[in-house]
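Just dropping this structure here.
A, B, C and D are the chain letters, set down in written order, and residue numbers restart from 1 in every chain.
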Amino acid sequence: MLAEIRGLNEECGVFGIWGHEKAAEITYYGLHALQHRGQEGAGVVTTDGENLKLHKGQGLVNDVFKRVDFSKLSGHAAIGHVRYATQGERTIDNVQPLLFRSQTGSMALAHNGNIMNAFKLRGELESTGSILQTSSDTEVLAHLIKRSEKLSVQEALTDALQSLVGAYAFILLNEDKMYVALDPRGLRPLSIGRLGDAYVVASETCAFDIIGATYEREVQPGELITISDMGMETIRFATQEQRRLCAMEYVYFSRPDSDLNEVNVHASRKKMGIELAKESPVEADIVTGVPDSSISAAIGYAEESGIPYEIGLIKNRYTGRTFIQPSQELREQGVKMKLSPVRGIVEGKRVIMIDDSIVRGTTSRRIVRMLKEAGAKEVHVRIASPSIQNPCYYGIDMSTKQELIAANHSIDEICEIIGADSVAYLSAEGLEQAIVKNDSINQGVCMACMTGNYPVIEKNQQEIAYTRC
Amino acid sequence: MLAEIRGLNEECGVFGIWGHEKAAEITYYGLHALQHRGQEGAGVVTTDGENLKLHKGQGLVNDVFKRVDFSKLSGHAAIGHVRYATQGERTIDNVQPLLFRSQTGSMALAHNGNIMNAFKLRGELESTGSILQTSSDTEVLAHLIKRSEKLSVQEALTDALQSLVGAYAFILLNEDKMYVALDPRGLRPLSIGRLGDAYVVASETCAFDIIGATYEREVQPGELITISDMGMETIRFATQEQRRLCAMEYVYFSRPDSDLNEVNVHASRKKMGIELAKESPVEADIVTGVPDSSISAAIGYAEESGIPYEIGLIKNRYTGRTFIQPSQELREQGVKMKLSPVRGIVEGKRVIMIDDSIVRGTTSRRIVRMLKEAGAKEVHVRIASPSIQNPCYYGIDMSTKQELIAANHSIDEICEIIGADSVAYLSAEGLEQAIVKNDSINQGVCMACMTGNYPVIEKNQQEIAYTRC
Amino acid sequence: MLAEIRGLNEECGVFGIWGHEKAAEITYYGLHALQHRGQEGAGVVTTDGENLKLHKGQGLVNDVFKRVDFSKLSGHAAIGHVRYATQGERTIDNVQPLLFRSQTGSMALAHNGNIMNAFKLRGELESTGSILQTSSDTEVLAHLIKRSEKLSVQEALTDALQSLVGAYAFILLNEDKMYVALDPRGLRPLSIGRLGDAYVVASETCAFDIIGATYEREVQPGELITISDMGMETIRFATQEQRRLCAMEYVYFSRPDSDLNEVNVHASRKKMGIELAKESPVEADIVTGVPDSSISAAIGYAEESGIPYEIGLIKNRYTGRTFIQPSQELREQGVKMKLSPVRGIVEGKRVIMIDDSIVRGTTSRRIVRMLKEAGAKEVHVRIASPSIQNPCYYGIDMSTKQELIAANHSIDEICEIIGADSVAYLSAEGLEQAIVKNDSINQGVCMACMTGNYPVIEKNQQEIAYTRC
Amino acid sequence: MLAEIRGLNEECGVFGIWGHEKAAEITYYGLHALQHRGQEGAGVVTTDGENLKLHKGQGLVNDVFKRVDFSKLSGHAAIGHVRYATQGERTIDNVQPLLFRSQTGSMALAHNGNIMNAFKLRGELESTGSILQTSSDTEVLAHLIKRSEKLSVQEALTDALQSLVGAYAFILLNEDKMYVALDPRGLRPLSIGRLGDAYVVASETCAFDIIGATYEREVQPGELITISDMGMETIRFATQEQRRLCAMEYVYFSRPDSDLNEVNVHASRKKMGIELAKESPVEADIVTGVPDSSISAAIGYAEESGIPYEIGLIKNRYTGRTFIQPSQELREQGVKMKLSPVRGIVEGKRVIMIDDSIVRGTTSRRIVRMLKEAGAKEVHVRIASPSIQNPCYYGIDMSTKQELIAANHSIDEICEIIGADSVAYLSAEGLEQAIVKNDSINQGVCMACMTGNYPVIEKNQQEIAYTRC
């Protein structure tokens, strides 16, 4: 699925390390591994025990750090963040980590998720004399901590977290401690690992692989971890509930080489393809996937069905931030943007086109037409997840219900709209099958956008803030 | 294979269009498709019938054109170039197209290849009063044309081409015509297509797909084509010899979605994998490929062998030009650069690792070690082309003979050096089998670097210039 | 006097306009005229009645606005700021105007001056739950306003201003009003003018001349002016005290074409030179001034003494921010930095060198030596203001007392230290004479750094914040 | 006079040094001193005896060198250039020094002046097989040298110089020698100095002052100097003719602190003002000058007339390359661009406004109106040079005859057109008086643009090339 085109947007990524003399550089490499989760901005804050030091900027990790002098980011601990931003809020102020200084000490915050009652909390703070500087949810947490009358940061943070409603993974750094917290349902991924004696925390385990760290365990729902030179200490700030990790992390957001809840993402996607081939077979000449996120599922479908996998669609890797979009006139003449069909492969063939999901349907329609114009005789669309019929309130920027094609159309209608010869989705059971591990660690996923079964019942949806991460 | 690491470098790419009112923009998109052939510089020259206009710069196509005003590059015809440069010659002057103005008219040149006698020709020009401004071979051709006493450009160009020894694909643009020439052996790829009424020329057919053009035919060895508002005219400047397209274009250089001599590159790579599985089977749990160029071969190997294909290695897509390389200390601690193993996939497994080629062996050794450190029980290396034992004089920047591992070691020694459990290469017959089409168009390939059988016998190898493209 | 070398640093500049459809552009030109007051950063905030829009950045006005799209800064009112910053605080966060948004409305602040009790006020705010984001004094005012329980901005601002101790000129902009305030002693300059129907406010009247506005009057000490679509309204937030405008504004800070308290700066400097010639004549061949700020005084001295004025010293206008300073070795070989002697003028001459002030004496010493090396027979230093013997607490970054040469040495000692043939300062009476107008508007100046007579007696000098403006 | 507004444009500047281990850095400081002669581009070429190294770029010296690593420009000799460019030729290729490499050696050229027969010479070169890469006159000289059959550079250069018609000052650098040449009439300024044992050459002596060098002598008309480790050798390539240094160098182009032909520029300008006061006195209250180039003359006029000099006009020093020009609408509302009147000085006064010259008259008209709008009762314009009635063919970009106001109007008409109360020009005798020294070194100046008396009679004016320097 091509995120930019279809409206299903990527999440932020957080990283932290405690106890390594090259903390900032390690964080730089960690953020590289998480780059797919946010390309609008990146930043690092370090502590050397006495001062917090910040470097952040807009753009890719490489752009932000291209002239950085790591000797100015010295310290044995660091937190980092890559940011995905909704339109209109692309200012440097919202790039994280956010750093708050005072005469008595400083704190830095990195956050992945969505605080659903942020708007209300912000209004309460402002009406009692606070000035907030960003439009970010994250700043609300900082003010709640500052306002708490508890003396220790751990207690103040526990207070503050109990005011929040939503999905979140937080890392907080001050001069002498690092705090890690996950929302009571565990909607966002967050893992802990070790790099020698150092502790590392990251949104995805691929950040451990790139730095050579070893995975230890998942952060638990409702857990608040304190890391310092004394080691690691953990408490619960919320009663234990069943974990509900976002299913879209498996389907689309996470990198194929990450393990989520100890299940490899590529492997789960390949199983989605295998399940899909079992549920919805079709006679065809080749199987192809929409790059990059659907390749694993396509290979799984091919393996199960015995129909050869081929590269029928190719993504232009070099269309970056400064790519000049073709005009409407040139698009009509056939100029492609990010994806091209491979005529030599698809011409004269019956093609099974695997995609991970459909949001509005416009992209699927364009790809089907592209394949047919390149000579495909038939195009059978197979989607490696259940249809998305409901908006998400937990931190994923999805079209509102009116725009979701599956919320308003039957499968036959969708097939006609996108011009395919047949369309089929994976069942919810098939998806769970692909994700769930034999043993018990993976207690459950949130499939609310597919099933409508929301893990948190919201009294007032208007509380939802528009800026997330 | 990871080019940056191993010393087998990419080639330049050329593009031309005649007869389209958005010639510069079309060329911009065409160069995007050819970006993998050269990332050091890019440029476009247009003609509006009266003036040639140039825009070029160092870096990726996106960087070079990010603030370009296409209205200043008006014209109905254009040529473009993406440049790969050897170290030390990274100046803007060498970025192509080269533009030469005079009081009686201008010409622009875009070139892919290597003029082997450039150094000698340059000396002759200088000793008789010419000043050359670049260290590029391409400028030599311009001076030879200017010095010719023939009145028409076509005749002067024919004269000049006959002085050249080497592998080359040229596009020349002046105010009212475009000229296209390919060396007498056809060592470099060059195709012609149509976009509506316009003519298009490109190093690879993927540039046709991105702009919606249709493929017409290959430029023939020794052919000189003249395109103008009167249409297309062709002559031969050299006697016809058997075509010898560089085999490495199939193995590594070209994009999988391109057709070379009407054979799809992905399909040929998959066949290399299939042949390799037939020739050198081995018992294992998974097949994995070194991204990106070896993925097709790995899928072919998996398909033929019945062993599942998995993503055991992953490439960090965001390590670009400004990526800060980890220090030796951090690399020793396990920080990865461009490639990471996927522990969740390879741990405890017997892995068949497919790569397209081995040059010096250092990268293969690193990847094998990486896989073993991530828990692979066995690593069987299978190379989807014959071993490289000879240098190439035709435009590919390959290590000299001393550095080629296969020139100095037996397969068993290589296996030991890189730490694999077994190593096997595809045979030359297997490679030809994967490339050759049933019908006759694909008359032959150059496999000199593998077989030592050079299509042009050079009297004096010291004539070879160091700057190419 | 060359500020960069000698430690007497420039002040910030503020500008505001209400009631002009091109408010942002007018502010851009106004800031150009004030550029000499601060070259570290610049910014503009506009209001269109509903939203405040900000553009700011580090560097010169030209740099900050070079790619600005003024259509994104629409609105009928704007405030602007140019910033001089002490070392170590050169971050974008401290560049003004500071903009504070909340759910109920926004405010922007531009400030010239120094809040002496800022550190204490900041501590009080933080200990009761506020988070401050900058190290700027100006933010303290914003929090005091936000904390005030008064309902109107005017009343809250009056409250807040009464907490402040120091020298300040503030402009505050919110969606529908502009507020202008000057400290109770009027230590900083601030004038009001008209541009057609629009109101304009600026630190110096040269900003009125560049935009074609006409001067109306000075803002009075302790005055708070409210400007809106209803016109202009004024109140006093402090009891009236005698005005004490900083004398260094006449001597050095302000532009020669500005009027301060209705006295032209060039004219007053020329009079300083005339008074100096009367008080301390000396036989010589030529009079020369240290560019730029001492030229007017030198011309006055020449006019009064009858000794010809010549250009004996010249400033290199092109040594900007990116100028590469000569190494110690090259300086010793004679390479000059910002100022060169004109050998053709001074060789063999007895030179009267006029400067506006001496701080540490190191620059004077260098200039005297430079003139002698260029052949001057004698160098008589005449300073167009009284000697500086005391630090300033009101917003001028002056060396502490130990570094002030005149605080620790007699005139004869100074003469010997700087290598001059004679040295004389203007008397305090002479300076007053040069500044005071015949009529009564100019009630007085602060000459505390020269006389030690401070207009505000500070109980606790440690309250002084290090960041100003 | 404000060059940008009025069409009288500045010249290029050249600098060279032989025999100093920091040659590139010294050249950098020398180019700073010459920056006023060209702000479009700058460059340096060094030699270390074996290789020439180049660094050049568009913009100010500071911009071009802001990230330069001088260790990459090592060598004991260097030449440098600052470039003024006519519109349309602002490409990096035309920025000097031009560097020409060949297999047998390299040469670099820096040039100030205009080769009048460049177009014809270029045509001859191209028609016999040469390719020229720039539109610069300077390249023609390089080809003439390369084409010469003489063996030594000195002889080939003598040959080549004899083909040239025009005004020029050249510095040529190759691996082991530096060559300096001045045209047979000495129209352009060029001086030689010493810095310790090193030789230095520069367009103006102010470049010697900034680096601490001492002036030795002028380069003579028709002289060709060769500098090497063996010392300095001189020959004549043309028969001696009377020197005719461009009078506008004194009037406007050169820096006031330079000596031209051993006459100080500021002193000569002051004398122009004194002569002007004698020739054309007028009753008035103040004298003011148009900054920067007319200040010296204004001070001279004041000194002679006894009328006080005041700063009635001020230039905004910060309007640089990126300054956003006010729209027509804002200009009509009174927004000033580069120059503002000082109301406090001119209001109610009879003003004598001194300017150095008038070209088209549009700027004079604007300044007179500006002064009157600021309240001046009378404005008497006094021009410190004779009226410009003829175009210049020797390297100064002046309006063609139709645009020169004095070529088409009487003084009374000019007075009416520009709205002054009276206008007077300095006489040709007065100008000569101000420039000529008592002793004989200053044999004569070229005042062709004022008197029509051209030192070289041109057969064919169409030979004149449009690109100079």
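Criterion: a contact is a pair of C-beta atoms (placed from the backbone, for glycine too) under 8 Å apart; a residue touches a chain by one contact, two chains touch by 3 or more.
The structure presented is a predicted model; accordingly, all values stated were derived computationally and were not measured.
*Asks:* Following contacts chain by chain, what is the lowest number of steps it takes to reach subunit D starting at subunit A?
*Replies:* The fewest touching-chain steps linking subunit A to subunit D number 2.
*Asks:* So what's the Cα centroid distance for subunit A and subunit C, whole Å?
*Replies:* Centre-to-centre distance between subunit A and subunit C: 51 Å.
*Asks:* Centroid from C-alpha atoms only, then distance subunit C to subunit D, rounded to Å. What do you get?
*Replies:* Inter-chain centre distance comes to 36 Å.
*Asks:* Would you pick out the residues of subunit C that each touch at least 2 other chains?
*Replies:* Residues of subunit C never touch two or more of the other chains.
*Asks:* According to the definition already given, which pairs of chains are in contact?
*Replies:* Result of the pairwise touch check is A-B, A-C, B-D, C-D.
*Asks:* Contact residues on subunit A for subunit C in the complex?
*Replies:* Per the touch definition, subunit A meets subunit C at residues 92, 100-104, 119, 122-123, 126-127, 129-133, 135, 142-143, 146-147.
*Asks:* In the complex formed with subunit A, which residues of subunit B make contact?
*Replies:* 22, 25-26, 28-29, 32-33, 35-36, 60-63, 65-66, 68, 195-196, 205-206, 209-213, 215, 255-257, 259, 263-264, 266-267, 270, 296, 299, 303, 308-311, 314, 316-324, 326-327, 329-330, 333-336, 340-345, 374
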